[in-house]
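Next come two complexes built around chain A: one with chain B, the other with chain C.
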Partner chain A sequence: MATTKQIIHGVFGDEVPMMEACKKLRSAGIRVKEVYTPFPVHGLDSLIGVPRTRLAICAFIYGLTGLCLATLMMWYMMVSDWPNDIGGKPNWAYYFAVPAFIPISFESTVFCAAHGMALTYLLRCWLIPGTKAKNPDSRTTDDKFLIYLELNDEQSKKADAILKDNKAEEVNYKGTIHIEAKY
Partner chain B sequence: MNTDKQNFIFTSKAKRVSFILMAIGFVSIICMFMMDRNDDPHYHSNRAWANVFIGAFFFMAISLAAAFFLGLQYAAESAWSTSIKRVIEAVTMYLPYGLSFMMLLFILGQMQVHHIYPWMDPEIAKHDKIISGKMGYFGIFWWIRTILYMIAWLWFTFKLRKNSLDADKLDIDVNNSFHWKNVKLGAWFMVVFAVTSSTSAWDWMLSIDTHWFSTMFGWYMFSGMWISALTTITILIVWLKKLGYLENVTESTVHDMGKWMFAISFLWTYLYFSQFMLIWYADIPEEIIYFQTRWESYKALMWTVFFVNFAFPMIMLMSRDCKRNFFFLMFVGTIIFFGHYMDIIMVVMPGTVGHNWTGLSWMEFGTLFFYLGIFIYVVLNALAKAPLQVKNHPFLQESLHHSV
Partner chain C sequence: MHAESEIREPLILGDKTYRQITDDIIAPIEGKASRGWYILTTISGLTFLWLIGCLSYTIGVGIGAWGSNNGADWAWDITNFVWWIGIGHAGTLISAVLLLFRQKWRMGINRSAEAMTIFAVICAAIFVMLHTGRPWLDYMLFPLPNQFGSLWPNFNSPLLWDVFAVSTYFTVSLVFWYLGLIPDFAMVRDRVVKPLQKKIYGLLSFGWGGSARHWSRFEEVSLVLAGLSTPLVFSVHSIVSMDFATSIVPGWHTTIFPPYFVSGAVFSGFAMVLSLMLVVRKIYKLEAYLTVKHIEYMNIVIIVTGSIVGVAYLTELFMAWYSGVEWEQYAFLNRATGPLAWSYWAMMTCNVVSPQLFWFKKIRTSILATFLLSIVVNIGMWFERFVIIVPTLLRTYLPSTWNTYTPSFIDIGIFIGTIGMFGFFFLLFSRYFPVIAQAELKTILKISGESQKKANADKHQKHVGAH
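Then we have the complex of A and B:
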């Protein structure tokens, strides 16, 4: 069964009433699909129910990968393949000269964690070269704040009232979409 | 908001705790001086004096680094820390006491009562070739520098505090005049401290091992005192919040203090390890001697310091939830506080006690308690003297709504 949903843009001139509106919408049980702002607004993500990022877990895994790769590389080059004796410090085993390996391990950890995080972020947001901008109203890149909603008729009325009560400058109806039920 | 929690009240219970610590410490210092004997004719209660010196330096360094941190917040015009400014100020108020202890020890050293600084001994200064070559830098020039550091640090610390208190007296500070004064002071303090933190570490701590030298040593000492100050401030904030004070300090501010503890632990590790690694790699006898004494007689302490101050905070403070958990902050903070006290022990002891070291004992803890008691008393007393929240600060509102 397909449902029809109304697309609503609530446009605000300031972030404070916009955040207030988000809070009210959420407490009325309405899902805020997306908010477009000209600058990052602190506390907004938790307000509209965006789950906490898992990027930190990725960073840890990437860092660990970098550490292992560097260790493997140095062990192969300096110990296994051709044991080097540098400054009277023979590399018959890895731990013989481990202080000398620490800076490289550290740099590789940071390198892999930072690049992995950046790439994961860009891919996850699909910000690859050639991506088209997705903001529905170009004024959000200037000075407007936009709450984007996709709601059924009953919720639309409620949302409309909440948006107008909280000093929305405009409430724009941008047509409907049909969502096919997945099951 | 709870109005009776605007001012910190230094309860008789807290006073009693600080007095008990002082009493335990005092008794154990006396016992330490009576028992610290050795067959070695060159041993003049070195361990006892070194302990007294370590305690004096460690707590002085905490308040000094807190003053640096306060100046840094002004110079960077950061907003997040505004709501905890009074706590940092209270920690800086121990500085005159800490410097007095240091001065007293320096004077006693010059009078040859103790032998922490070999170059203060006129016999050694004359006959030791390396030290006699360095006497242009020590001697009277050293004293001039010492006095200049003390005057400069005290002047900046008291000026920052005074401006902050004066701003509270006004109903409304229209031009933020006191804030701008402190921004300028903070920026100048950064310039002064950038030089004096290194040179004072060379003069006061590095010169214990007079033959040895390391240009990285100043930063190593600085990062150590910085992390000690950050843990002290964090523990104080968490404790005050548990007592119901600092209600409007957000969890995010405490979280930021946790981040600082995490980050500066790494800064310390970075400098500690870099100094070691470069010397280990170059393998020059006159440099390697520093780590050789530590490796031979202080191996357990060396590894403990490294793991407690590096691996422990790294694992414990990595996740966001840990940095927001008061119990965790208190637990990790307490342990790395002691960890950095051990770090100072490891800096001072090999140059004074040398191979007579027998491992940590009640002597170290007793002396620590003595200074801790005084420190707690002075800091809490300073905290009770002013409202816990600054009034006329342009970033106060931003700080109270701080969220990360």
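Then we have the complex of A and C:
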């Protein structure tokens, strides 16, 4: 059975009542689908149930990859493929000259961690040049805070009251969406 | 919400709202540029053209066009390289180290400081790419498979570490800067009305929407990138210093070089940020966001790093004497009393004496004095690199190789030209990019805004009175 849901934009002029409204909506059992804000609002993630991002773990893994790649490269070029003896400092084994390899190992770790993380971030948020602006209301990059809800009729009424009680400047109904049941 | 002591001075002056911050930051982009902007852009643009001319001439006839000779085989090229790369360090320091220390005053200046970093590293790159003599063979710096009997670059050499350090530093700074710009470009995209502008800023903003999920990832990325950039920035100038310190040239062969170079870099970088910031706040009327308090904080960093540099100079002298190595002793005697002694004393005056003036509150909160001293510091830091390189190389072990040095017209042209290019890029940036990280600035409005602080204080007073 297909369900029909209302799209509601609750627009606020300040983050404090907006957070209060989020809290009330959640305790009324209403899912806050998304919140659009002009700047990062601290404490909002846990309030609307956004899980902690795992990007830092990615960065760690990319960093390790960079370290391994640099080690492999320097071992291959300086030790395995063409061992050099420069200034009486031979490279017959990797550990002979390991202090000299530390700076590049470090730079490569940082290089891979930073760029890998940045790329993952852009892809995960789908921040691609040429894509459409993702904020539903263009004032949210300026000074407005927008709570985005997709609700059925019964919940819509409850949410409308909560939003208005918490100093929402506007409650905009932006049409409906149909969600087809999967099976 | 987290509150701040009333005693702390506000970082955003006047009665600002979120909307007003947007309006103030977008004003240079939406409005017409002032006459001053056109004049400065024309001058720097012409100087940039001069740079291109001098570069073309150098590439055409080879680096014999420079004043470098058999004694001073490194001269203005490497002096300028180290000077520019040092200047770049302040941007990363402000955006990364101050972020890790949760210093709110970084938010007014980090965007333009990071832009400065990127343009300064581009200027530095010109010198390293040219000083190899045949810049079209510069790909040989990278460990690429090649036709020379699989002869690889020497990974034991700090010069190769430098290739890796500078390229990592440049690309990571660029990414860090751009990721921070995305939300601000989105603000511009949503505000401008001209269709072409909307299209361009739409492309630049990558479709940013500012949802809670995106912001949480944004903050995580900023924090981790700051954590990665902090050791990176220290490593870059340490490695630059090892280009000298691992040699056997008297006067270069010292272990103090890495910390001494890093603090010198921060010192000159902050001075350059100040010179630029004082112009930007004037042209674009951003006095409410780049306050005298910001200037004072930066001047304090200049006193600290300038004093470290001063101590390093004295330590070098002491160690030269105490080591008992006559080569080392002569290197320093030659710097202070030899034919180029004037540059040594210019360095000492500009770097050791002049920053000490900032101990006086009147001087460190005076805009004119700060502007003049910031330029003095940059001149001093240029002379520091000159003193380290040229007088030292002119008097090495073998007296028959001793030489004199004069820069050529082309040397001077390339140096002045890079300043023109730097200014040209910076002026374009300040006109078309959001010069202040407005999204971040909005997060501290309620904590550090002047009127908001006053309102909080009044509330607190009433609360105390009720008891």
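Criterion: the second predicted complex is superposed on the first by the 182 of 183 C-alpha atoms of A that agree within 3 Å, B and C clash if a C-alpha of one lies under 4 Å from a C-alpha of the other, contacts with A are read in each partner's own complex, and residues count from 1 in each chain.
Definition applied: contacts are C-beta pairs under 8 Å (C-beta built on N, C-alpha and C of every residue); 3 or more make two chains touch, one makes a residue touch a chain.
Bear in mind the structure is a predicted one, so any value in this text is a computation, not a measurement.
Under the clash rule set out above, the superposition-derived model of chain A with chain B and chain C contains a clash between the two partners. In the overlay built on the shared chain, the residue A:Ala100 is in contact with chain B and with chain C. In the superposition on chain A, A:Ala56 contacts both chain B and chain C.
Shared-chain residue A:Leu67: touches no atom of chain B or chain C. Of the two partner chains, chain C is the only one touched by A:Phe39; chain B is not. In the superposition on chain A, contact is made by A:Ala118 with chain C only, not with chain B.
By the document's definition of touching, of the two partners only chain B reaches A:Gly88; chain C does not.
Residues 42, 56, 87, 89, 100, 103 of chain A lie in contact with chain B in one complex and with chain C in the other. Per the touch definition, chain A reaches chain B in the complex via residues 42-43, 56, 60, 87-89, 99-100, 102-103.
Across the complex, chain A meets chain C through its residues 16, 34-42, 44-45, 48, 50, 52-53, 55-56, 59, 63, 73-74, 77-78, 81-82, 84, 86-87, 89, 91, 97, 100-101, 103-104, 106-108, 110-111, 113-115, 117-118, 121-122, 124-136, 138-143. Chain B makes touch with chain A in their complex at residues 273, 276-277, 280-283, 318-320, 403-404. On chain C, the positions that touch chain A within their shared complex are 1, 17-19, 22, 143, 150-158, 160-161, 164-165, 168, 171-172, 175-176, 179, 182-183, 186-187, 189-191, 202-221, 223-225, 228-229, 231-232, 235, 239, 439-440, 442-443.
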